Amino acid sequence: MVNYVIRRLLLMVPTLLGITVLVFSVMAMAPGGIGANLLTRGGDMRPEERQAMMEYLNRRYGLDQPMTTQYLRWLNNVLPIGYETQADGSRGAFGVKVPDLGMSFVKNRPVIDLVAEALPVTLLLNALTVPLVFAGSILMGVYTARYRGQALDVGIGTANLALWSVPTIWMGVLLIGFFASEQYLKWFPTTGLESLRADTWTFLPLHTEAGWQRGFLLDVLWHMVLPIACLTYSSFAFLTKLTRSAVLENLLADYARTARAKGASDQVVLWRHVFRNSLLPLITVAASILPGFLVGSVIVETIFSIDGMGRLVVEAVQMRDREVVLSITLISGLLTLVSYLLVDICYALADPRVSYE
Amino acid sequence: MSEAVVTRRSDRRESESFSTRVLRETLARYGARFGLAWIAVVALAAVFAPFLANSHPIAMKVDGAWQSPLLTHLTWIDLALLAAFAAAVGAWLLRRRLSGPRRLAMVALVTVVAAGTSYLTLSPPMAVIFDQYRSGLADGSIESAIFAPVPFSPTDRSRDNPLSLTPPDALHLMGTDEDGADVLSRMIHACRIALGIGFVATGIALAIGILYGGIMGFFTGWVEILMMRFLEIFESIPQLFLLLTVVAFFGRNIYLIMAVIGLTSWPGYARYLRAEFLKLRRQDFVQAAEACGLPIWSILFRHMLPNGVAPLLVGASFGIASAILAEAVLSFLGLGVVDEPSWGGMLNQAVGPGGTFAVWLATYPGLAIFLTVFAYNLIGEALRDAIDPHLQRQPS
Amino acid sequence: MGNRFGLKDILLYLILGGILVSIWLAMVQMDRQWLLIRQTQGQLEEQTRDLADIRRQLQRGLVVADGAGASAAASQWGGFARALQAEQMPDYATGDWYVDYFPDDLQKLTPVLSSDAYATVVQQQVLDTLITRDPETLEWLPLVAQSWEILDGGLTVRFKLRRGVTFSDGEPLTAADVAFTFRFVMDERVAGPRWRAYLSRIKSVEADGDEVVFRYEEPYFGSFELAGTLPILAEHFYGPFLESDEAAEQFNRSTGLLLGSGPYKLTDPRGWAPGQGIELVRNERYWGPVRPAFDRIIYKIIQNDAALLTEFKNGDIDFYRARPLDYRNLTADPSVTERAQSYEYYDARGGYIYIAWNEQLDGKPTRFADRRVREALTYLSDRQRMCDEIMLGYARPANGPFNPMGRQINAELPTRPFDLDRARALLKEAGFEDRDGDGVIEDADGVPFRFTFTYPSGSDDYKRVVLLLKDLYVQAGIILDPEPTDWPLVLKALDDKTFDAISLGWTSSFEIDLYQYFHSSQMEPGGDNFISYSNPELDRLIEQARATMDEETRLALWHRAHEILWHDQPYTFLFWRSRLDFIDRRIANVQRVRAGLNWPGLWRMPGEWYVPKDRQKYDR
């Protein structure tokens, strides 16, 4: 097992390298170059100001050097071992150093700061979404499997497929349009994850003479209702279908029949015997779903104006903020690969028949 | 979609071949029927779009003589689609006389010839003034005219009577968008992009996936390890990132969007085919073929592929759905094609600046995307149920 | 994984997850409140120190002389005349907050480094300049400077500084600080290439007692403004960053280093970080004769249009800049008009939209090189219709680059109306007519008149304008292919001059310099004459005007330049947008002035707005 994990970890290295090479070359192919977009915000600059800005950035970030040099330089910076980079851009001593994700050209701030601001937001959304999706869909899946073949099961199955087919963009627009607009119901806020000035509130709801105050916790939850609804429904539908077929397959298996023959009640057979075995396919799917949440949040974060990773990357791509795009793809690539590995390990732990020796 | 399955595979027609059985069982499901019906509607709308929604009158009388501006304004794409449709109908009528591949070849040939000749010969007027007919009718220079059911072209922004963002009424059955164009007309013409993107993108992805997965499933060792890494690279970069990047950099060309969606969605098929091939390799008929000394390409693509392809078609059906979604998302983010109608692009206009919400712009295009995606998913699921004998064993 | 993993476990995990998330949220909130407490403590300490200072001064017998009367004060305090007048209003009161917003997130407040307009808005409240302008007469008035002289035909400007000006931390502002500002910006280690380029016209800045002297290489009409409007940075605050490369790097990475002598200040001049709004508090040590009216000025960051409107309707922001459609809807909404006053006005610094016709492609003249073609296209571009249909009447057609509010414009020139017949005639004269009956006009060689029209993607207004143009041009048989382009690619197209026609906007000012846009020397790479337009007479006029220091003579030259541009139509000038603002009725003394609205920070001095005592809303 340990050997297997080590081998997998080693195999990750070329893949990650490949990801960065691919993304770097796509960015390098960008017509108009990386430097030009820095001027996006100062579109109204005088020519001499623009010229000065270009020269400054080229000198500072080496944007006028050949692409391979730029790539190697970037790679050297993100690796924990390599040459130190001095303030003036020259090469320092070789050794162990702090990995540096670089500076965002457009925002003129370290990428690590931008990620540190955005990541917790996306994580918070997913920390609530993932358990909700899994718990809900497992319950629903088992429930439908028990009433297999009946009208209820067929109905729920079709409804699930329909739910799965609803485009997130449509769902988002409808939710905002009907539940957060002046014209219809103004139940929920449309944007962000907290009210303005919520930082001066208490954490829990507070009732004072002046009236009722929501408190920070409820405020955040209230803001997250629509985004989470948008993030959950399609994976919920998908997982429900998956659980249903997995449970069904196991219910019909010989061991379940044996258990029933031995006099175990339906409940016991279902929850004690069948259920655990049915979790296997869910684990596999978790791998493909988890990175999917990051992408799913691109759409949701755009619709609901939440400043998470999704917004960061969309903005960075549009502004050609190379270091930000590279860093985020690196992070998301790493997450994907690690979650694949975790799934394989969980698989082996959960199913004694699976072995990687 | 499932028709293609049949035509491609019916050369092995015995009493009831695998493909016929799959088709029969697929069609026995209401979901698949509904899905096919909806896609047929979309396809018909795509083919006959110029006759359904057009500002150019089908016929009009000027100085006592009748003429048809609609016909003179047809483009080569319109004609190619019409020819393809006619050929498909012909092929269906001749289904008892011709074998599947021949029918397929016939449709393809007719389409290509029609597209080629019309591309070379047709030159519809480039300068199009849509309001000339309406003003002509009003001032009497056009005596009478017969219009298509929806008398607006998708890019006709009614400059004679500008109405932007008006809710549905008798004139514009689905309202107008922010430029004043008729939403219903744009909905009808957008069917082309929706269908095209699904087929082309998935076609590209399938082709790459089959080739890549086949090779990976057959060769082991270093080749496989290297190829697997490459595949992982593509899997680890979210498709949306790449799509956004490429479109932001290289412009909003619908063909480019199709190609990129295709180029980023093949890893799934490749992975699936590899697994399938690994299983098949151990089977006797492959071993026998190898023993006979058949060339690798022959073993791979003549003997193994037909056995591994059925499940791929299920994936392809779902793939079409996700390709349509990808284009819609792109258009929604404001990176789609300009001026050309697209469902996602219209949806984008639903929530306007200042929080105004145009219900008609949210409902109709959204519903169209949803129904199309749903239809492909229904077909995909029905296909899977029909192909997978494991699930045939329905519990009592 | 236990053998009995079941329903209960799922619930357990859910509850556990919920608890973890709420613990984490609680910690976040606690951290922020701790920061608030620290901030309040800082303020308290500062106030205690100030109190101590005052007590000490009183003990020493220093008497603060009262002004002899408002009128005397007004003449003495040049730039503050209007603010002093506001103070005389019967219901005048200090206190309350003014809550504004930025529709885009702000990355840096640090001067020199920041490049966006929003940072400038904040800096205007915090940093002072030597001179200011009267918003009504537009004449220059003293601010930190007391008086000035222009010597050597504009090659030297000498400012005499006012005494007793202090920064918000109590340190005095001297001529040395002004000289330092120039030195600081010009230091190569500081990441401010843009400011550097802007100030490069200045040869040197020297402090001479309480006077500061600016010297220039050549006479230039804008050199006085350049010197007078340079924001003054505090040497004791920014100086240490020049001590070493590391310190300079630290400055370059900073986000919120902002300290000045203006009416407002940041509570923590080093602590602002992006991702939060901006809260300016009154600079209680402000040196001017008026106490800034608002306790706080708050800029929220609200990027979503819908949220913005909700905030405004709820009364959470006092200001709202509407788009035409919004404005029309909102002015008809009684709940909005009840609490906010609407203002439609032209901002002197607002810009205009234009179409630039590229006259040279790959070294060869294009069809747009023919003046008649450009004029015909101007006749076809129905500007009145754009203003009415797309801008809903909240814009006015433009016929030149000069602001209709300013004096630079030649008001006698008419704006060409939409005229299809004139356009057709001009095109025919230029050799374009429909030779093959397909509805598209061709030149003598049979090449159809078809061109791509580049415009920046992402803006709805541009898109709608371009689609309207497409439908208008086709009436004369011209095919326009719209090409929305990402901003970096727009810039590339401008640099390489590889476009047919492009639509863009320039911001404007009271007096702009045409050199950058229309002088033939600016065809060089990097110049803004990307259309390769050249007119020797215009070149001569521009050069002459730039070197003329006398305003009246110069204006006459500009008027003549305007006429040439109007005749040549190198651009088709489209329209000037009006500003459509709503301001809460709580705020008093909002006036329309020549420069737009007299909003706080229009120029660097305390604003004229205030909230009468009985209408104050935020009091703590």
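As written, the chain order gives the labels A, B and C, with residue 1 at the start of each chain.
By definition in this document, contacts are C-beta pairs under 8 Å (C-beta built on N, C-alpha and C of every residue); 3 or more make two chains touch, one makes a residue touch a chain.
Remember, it's a predicted structure, so these values are computed and weren't measured experimentally.
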Between the pairs B-C and A-C, the one where more C-beta pairs touch: A-C
Central chain (by mean CA position): A
Subunit A and subunit B: spacing of chain centres that average the CA atoms, whole Å: 29
Distance from the mean Cα position of subunit C to that of subunit B, given in whole angstrom: 48
Approximate Å spacing (C-alpha centroids) for the pair subunit A, subunit C: 37
Residue numbers of subunit A (touch at least two other chains): 30-31, 176, 181-182, 190, 318, 320
Where subunit C touches two or more other chains, by residue: 306-307, 309-310, 486
Junction residues of subunit B, two or more chains touched: 248-249, 351, 355-356
Complex contacts: residues of subunit A adjacent to subunit B: 11, 14-15, 18-19, 22-23, 26-27, 29-31, 148-149, 158, 161-162, 164-170, 173-174, 176-177, 181-184, 190, 245, 248, 251-252, 291, 294-295, 298-299, 302, 313-314, 317-318, 320, 325, 328-329, 332-333, 336-337
Residues of subunit C defined as touching subunit B within the complex: 305-310, 322-323, 325-326, 329-330, 389, 438-440, 448, 450, 457-458, 460, 463-464, 467-468, 471-472, 474-475, 477-479, 482-486
Footprint of subunit A on subunit B - complex, ascending: 31, 225, 229-230, 232-233, 235-242, 244-246, 248-250, 321, 325, 328-329, 332-333, 344, 347, 350-351, 355-357, 359, 362, 366, 369-370, 373-374, 377-378, 381, 391, 393-396
In the complex with subunit C, residue positions of subunit A that touch it: 30-33, 36-37, 39-53, 55-56, 60, 87-88, 107-110, 117, 124, 127-128, 131-132, 134-135, 138-139, 176, 180-182, 189-192, 196, 199-201, 203, 216-217, 220, 271-272, 275-276, 279, 305, 307, 318, 320, 349-350
Subunit C-facing residues of subunit B, complex: 123, 125-130, 157, 159, 162, 164, 178-179, 248-249, 251-252, 334, 338-339, 351-356
